[in-house]
Every structure is written in C-alpha cells, then in structure tokens.
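These are the structures, in structure tokens.
Consider the two complexes below, in which subunit A is the common component and subunit B and subunit C are the respective partners.
The block that comes next holds the complex of A and B.
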C-alpha cells in the first residue's frame, strides 16, 4: 500500500518563551546592565544614578519600615477622601448636566475648559481655606478628580439608550429609583472610566500638595529624601509609588469591566 | 429676521447667557457676603479687589515676560514631544515585535504620576528651566506615542493597496500614504501632549518656585498678596483655556471633513 502523506516527525514544540517575552526580558536586562555600568562609570555625579544594589537595599529598608506604611496610610486616606468627595459630587453634577440639555449648554463648557487646567496652582487658596494639614491636600485632590468624573458622567448619561429610560418612566419610577436602577447601571463604563481618570489626577494632586507643604505622607517622604540627598531612597519610593499607581489604575479598570468593552 | 429664526437664535444663546449670569451672580453674592462680614476678607478677597489688582499684577510682576518664558518652555517640550513621540510611535509601528513588547508599558507610563519625579529631575538638571521642560516632555510623551501608533495602524486598507498597486517603495508608502492618513490622529496626540505639558510645566514652576507663571503664583502667595494671588490664578486659567481653544481650532482645521 502506498504511503499516504502522514506526518513522520513530531510537530516542533512551541518555544517556552514567546519572542515578545524574550524581547521584553532583553530590554529590561539591557536597561539594568546599562544603568549599573553608568552608575559605576563615574561620568555622572555620585548618587545621581545609584547602583541597583543600593536601590535594592533602600527598597528593602523602605518596605520593612513602619514609618513608610504610616505615611502610605496617610496619603491613601487623603486620596480616598478626595476620591469620595470629588467622585460623588462629580457624579451628581454630571448626572444633572447629562439629564438636562439646558443646564448642559449653560455650564458644561465651563467644566470642559476648566478640567485640564493645572490644579496645583489652587494650593495657596486651599491652604487659606482648609489649613496646612490634610484638609488642603484632600481639597486639592477633590478639585482634581471632580472634573473628569463630572464630564464622564455627563457624557455617559447622554449615551443611555432612550428605550431603557422610557421603560423606567413607564414603571413610574421615582427620581431616586431612576438614578439607582436605570441611570447608574446603564452608565457604569463611562463612570468607571471617569473614576479611573479621577483617581490618577487625585493621586497626583494630593502627592504634589504633600511635596509642597506637609509633615506626613508619601509626598513629604519624597521631598525629605530630596532635601537630605538620599537618592537610593528616593528612587525606591518612586518605584513603589509607580507600581501602586499603575496597579490601582489597572484594578479600577478591571473591577469596572473596562477590558470587556467591545471596541 | 423672521419669528422662527429669532426664536431659534434665542434658544441657542439663552443657555450660555444663563450660565454667564449665574457666574456673575455668584461673584456678586461673594462680594456682598465679604462686604457684609459673612466671609473673611483675609481668606477670600472681594472679587472687585481681585479685578482691581489685575493691572497691578500685569505691570509690576512683568507678566508678559513670564508668559513668554512659560510659553517658550511649553513650546520646547512640544517640539521634543513631536520629534521623539512621533518617531517612537513610527518605530513601534514599523517593528511589530517592539510594539507588542512595549505598547503596554507606554500605556502604563501614561497612568503613572511622572510629575512626582520632579525632585529627581532637580538633582539631575538643577533648579532650572531644563528640569521644567524635561518633566513636561516626559510626562506628555505617552499620548503622542500611543496616538501615532493608533493613527498609522488605522490607515484604511484601500489606501495601502493603492500604494502597493503603484509599486511604491517602503519609504514612499510611508511619506505618501501612511503618514498623511495618520496626521489627524497624530495631531490629537500632540494636542493631548501639549495640554499635559502645559499642566505639568506650570505645576512644576509653582512647586520649585522658578520660571514663569507658576512661580508668579507662588511668589504672590508667599508675600500674602491675596488679591494678587487670586488674580494670577485667574490669569493662568485664562491662558490655559485660550491655549486649549487654539489647539482645538488647529486640530479642526487639520482634520478632513467627515
């Protein structure tokens, strides 16, 4: 019997690491090695580019110190409060503007243009109004996160399917029932997106305010490391902060199911 | 003007006029409350005093040269953004493996609080305009890269096929087909980048007390010139809003009619 075109060799096994992963590893290794060589070369001022060993030590010291977690809790509390106040007020104003065309045309352009202005410049006013303690940091974080949440909520409100609103009205739902059972579930994705943006800017606003004037919080620790020129500690703090910020941003997006939105 | 046309015009202008009236009403109410002693004038200066101090701040604080300094920093960051951001995006689009490996990192960088690295930049570049420009540049780079990739990847297949049917070289395909088609999206990225750059530049000027408009606010606040501080903040907001409006107009001009 003639031999049919059967496979005589086993299919080649898939490589353990994909080319993308290999390239990522190569980039990371190149950066780490390049950094270490630059650190030992003496071309730059000592400590501007500290060795990875020094940064690793500083990272270990940071993550095992109670003082760091106390300051992290202070900053997290301020950001949480800012997000709660700014997020809720932004959502309320956004729903109001999204539901009413007249109010939207009257006020939304103020929000649209004020939204991307630099908020940190309001810090002197916040100090006057709320003092030098956590109040002024929370206020600045609130101001920062109010705008993206309000604009997202207003846009989300306008894109709700009219049929769903009519269904709610035909059931004679009260205003609160409409908000809880129709509007908020239908605009979940834009609101989560707004909260994600709001969280990012609240974090920046609060931490920048802490670097300007405070005696506790992560921003204070960063500026303290700068003033005593403890560069490994500053790098360690920035690394932890970036990991936390990017992680929190991804977590909010994932919790809200943003990755499931069809594009 | 016919009656329906007048009615339509009224309907168009009434909401913005109402918004403006509410804003003016709010400032009048604040003025009355301050004059009546309900609000402390040492915390909130009367709006009339703020308006009155505009002239003083403009003349005595050399606001024009400060404005030019901030604008110069912003434009320097903008040029660097355009060159490096667009080049980075083109490179990542050209080498798909690089795009697959790094696009997520660039997106993550967009959500990272890069401006908080300003103490680090001060150590590297000193308390100078270079620190301010570099922060503006680095913080605003991700949107330009991401939008460049989006624009190039979103080029319509039919346009690419037209290029292929003319046997265009890779370079001709890029300059005559891909780049012009991606230009409107690339400009969206540059616009976002410039907005981020302005926010960060004014913010860092305020924080490190150096440079143009941001430093002015810090200076006036430290002198406890309350009316002047409020006036300077209003001026910076006005400049920012005009900056965004101009960018929007340029973007609309660049975008082909749908």
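The block that comes next holds the complex of A and C.
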C-alpha cells in the first residue's frame, strides 16, 4: 500500500537491512514456519491448515488455468463498473451538496445514516432487481462505493479556500471553468481519499455478494472451493486476492501522490 | 493643490458614486460604507486608508464586483459595472495562488480562461513573471516559494490579465516588514513602468504615503470619507523616501486623522465584547 511505496523511495538512503525490516522479515518467516509445522503436526483435521507445498501446487494450477482468469476478469469488471458508477455519481452528488447549503441541510443527514449501514442487507433486493449475474454485484458495489465518495466530496467542497473561489470569480470564470479549473483541482486530496475508501468497500461489497449468490467471479470460485473442501485452492485464491488488493490500493495512492504540494 | 487641479482635467477611469453598503447583523444593521464618492484618474496611484473594521474590504469587494448588494454606482471608463469586470484586476490579501499549478500556469490562468492559444499565453505569462522578478521559478509550485514570492505570483497573475485598474486589498499584510518594504518598491517600479492605474486598500500609513499620489482617509464605522490627502513627493520613489522630512510630515498628518478613528474603533470593539459577555454572566 502507501507504506510499500514510501519504503522503496526511502530505501537508497537507509541501510540495506534496518532493524524494522529485519523484524518484519522475522515475523513473516515465523508465521510461514509456524503454519507449516501446524500443518505437519496432525493436530488439526487434514487440509484445514494445508502445507505450503499443497498451496503452492494449487496456486500454480490456478494461475495456469483459463477458467481462473475468466472469473478474475468478471470480478475486476464488476468492481471497475461499481467504482465508475458509484464514484462518479458520488462525486457529482457530493459537489452539489457541498456547494448548496439548503440541499446539504436537507439531504446530508440521510447520507450519514445510510453510509455506515452494511450494504449486504440490500443484496436480496438487488437480486430481485438485477438477477443473480454480475448486475446485482455491480449494484451492491456501487451502493457501497457511493457513500464514502459523496461524503468526502461534500466535505472537500466546503474546505476549499474562499479566496481561491474569489480569484476565479474576479477573472470571470464560467461555471464549467470554475468546476474544472478551481473546484475539482482544489479538492483533489479529499476526492482521491474518497475514491480510495470507495475502492475498498466496492471490493468488499462485490466479493461478499459473489460469495452469497452467484455463478461467476472470484467470490464464487472461493465459495465453490470451500464447499468441496479444496482448502489449498481456496488459500491460493485468497493469496492472489490479497496481492491484487494491495496493488489496486497502491495504484490509487500513487495517483493521489502526484503533485503533492506542501503548504 | 495644483496637482489635484491638473489631474481633474483628464476624464477619470474609475468613478465610485455614492456607494452605500449596509449589513444585517443579529444586533441590527451595520453601515459598512456610508455614501462614499471618489474617482481615480488614468495612471494614478490612489490609496484608501482606514482603521480595522472601517469597511475598506467591503469597498474593495464592491469595486471588484464581488459584492453586488450595494447602493450607488461604480463605473469603469464610463461603463457601469454589475459584477467582476475585465478592466479591474484584483489582488487579494490572503494567500491566493493555486497550489496545484506551477508558477507559469498560475500566471497564465486568466489568459487560459479567455481561450488564448497556449504559446501566446505562455509567452505573456513569462513576460509578467520576469516583471515581478521571478524568472527562473516558472516551473516551481507555490508550495516551494516563500510568502513574498507567492504574493508576487498573485500580482503577476492579475497583471497578466492586463486590467485597466489594479485593485489591491492589503496585498502585503501577511508579510514581514522588510519584505513588505522591498515588495512595495517592486510594485512602485512596475506601476511606473506600466503607468498602471492602481487603487490600494491598506491600513499601513507608511505604505500608503510611499506609493500614492492621493490618499483617501476613511472614518471608523460607518465608513465615510474623512479627508483626501495629495502626496506631492517626487517620483520615482523607493522605500528610501521613508527617511525624508516631507515623508514624516505626511505620515504625521494622516496619523492625526486616523488616530481619532482608530481609537474610536478600539473602544467600540471593547464595548462590543463587554456588551456580549454581560448577559452570560
């Protein structure tokens, strides 16, 4: 995540293996070795804690099968669509609420109440409306993503320095010029933050929905592996998912890091 | 007063006629600007000076067209304004550069709004950056510059829009005294070079006397015109003039006027605090 980015930047200046790095390596090695010992001890039922060798095999099978990539693409597409629909609508609504005191007073309370509600409770409704296919997953991801983006866009809009708005007006900027050249760049940090939070919850919403009721996607494969008790395969998928989530977060963080300006 | 008479002969470029602004507050209305009329001639440097809270900034916003709920008329070259006007370029007291734009993109901003071709606006922005002495910093971000440099970026940005009237609201208020004096020199030099008509709002007597042809002294609430002082000091001037005897006389004269107003303002603010704490205790 952001941590990783900063570490690689700092690496040339710091000694090759700082105490922190050593401790981190030690923790990872301990967990890996502990896991392996536990799997070979026979204390637990077979395959509850599969050996790393078994997980490695499963991972290899997974990464060489076309079926896996097809389902990965389905899930990625669902998350991307959810982020696009939820993020853009959240941004538009957030800017509207941030700009208009009346609308903000009238509607923002609802956002605050609905925001923390677990969106999975709406999943049955989404299935009725959009079916068991990707549609209902996109709907749930969109719903999850909308709230954090809308709330941080509204807050970001209100935090814009008043004088910067005055500058735009004094140069007679049109409404569209104000939005594109003043409001949006001035609130880039809260927006990136909102998208980051939105990406996280869109991922959770989509995958959760896939594990509940679906016929495609990574969530579906995971729950399928679980139901036939193919634990190495399940763990292999969790590992890949974990790596992908870190990658996606780093990407959004990198976007937010562009033109970081001290003031 | 011969300088005044000769200045009157040309047509004024900016006319403020009977400006009156009243704000509603919980304790009733406050008159911020009370029937002020004045005009500014082409090429002239005029300062408006007054104690804190006298309505100077309100006047700034009215002339800049950002505040339209006023009575009276502001006109530029005979044209009555009803909102921000292209002939008036504003420089604000607060930090107002865009932190996400480089120096050159900040300065080119007003040109970008008018749809000027990229090469042309870059050239023009470069010219004004050089004018304020920031050449070499074109591709820096405001966050990398000092407060005085950032205020010069704001000045260059406003000058790049080539306004007929430069309208400034205490542009150096947030800077330290030495930077303020040096920056004052820079502004004077640019003003003479461009023959730029300038209206400066300030509470700083030294600054006003150093730069102005005329100073309009305002009263404390309601903000009325108290006196107009013509400054007959030779030009070109620099901050070195601050030490001269004539300069000292002007400062003393204006301070005599302002002292009364400023102490009235101070008493009023003390009363305000007392009055508002009374019900609570």
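Here is the rule we go by: the second predicted complex is superposed on the first by the 241 of 263 C-alpha atoms of A that agree within 3 Å, B and C clash if a C-alpha of one lies under 4 Å from a C-alpha of the other, contacts with A are read in each partner's own complex, and residues count from 1 in each chain.
Here is the rule we use: a residue touches a chain if its C-beta (ideal position, glycine included) is under 8 Å from a C-beta of that chain, and two chains touch if they have at least 3 such contacts.
Treat the numbers as computed from the prediction; the structure is a model and nothing was measured.
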* Asked: For A:88, is the partner it touches subunit B (first), subunit C (second), both, or none of the two (neither)?
  -> neither
* In the overlay, answer first, second, both or neither for which of subunit B and subunit C A:204 touches. => first
* Asked: Who does A:53 touch here: subunit B (first), subunit C (second), both, or neither?
  -> neither
* Structure fact -> In this superposition, the partner of subunit A with more touched residues, subunit B or subunit C, is B
* To do: Return first, second, both or neither, reflecting whether A:105 touches subunit B, subunit C, both chains, or no partner chain.
  => first
* Touching A:231 in the superposition: subunit B (first), subunit C (second), both, neither? -> first
* A:171 contacts which: subunit B (first), subunit C (second), both, neither? -> second
* Taking the two structures together, which residues of subunit A meet both subunit B and subunit C? -> none
* **In the complex, subunit C residues that touch subunit A** => 64-66, 83-86, 88-90, 92, 94-96, 98-101, 109-110, 112-113, 141-144, 161
* Structure fact -> subunit B residues touching subunit A in their complex are 14-16, 18-19, 22-23, 43-44, 97-98, 100-102, 108, 111-113, 115-120, 122-124, 195, 198-200, 202-203, 206-207, 214, 217-218, 221, 226, 229-230, 233, 236-237, 240-241, 244-245
* Residue numbers on subunit A that touch subunit C, as the complex places them -> 161, 163-164, 166-167, 169-174, 177, 181-182, 185-186, 188, 259, 261-263
* Which residues of subunit A touch subunit B in the complex? -> 19-20, 23-24, 27, 48, 102-107, 109-110, 113-114, 116-118, 120-125, 128-129, 200, 203-204, 207-208, 211-212, 219, 222-223, 225-226, 229, 231, 234-235, 238, 241-242, 245-246, 249-250
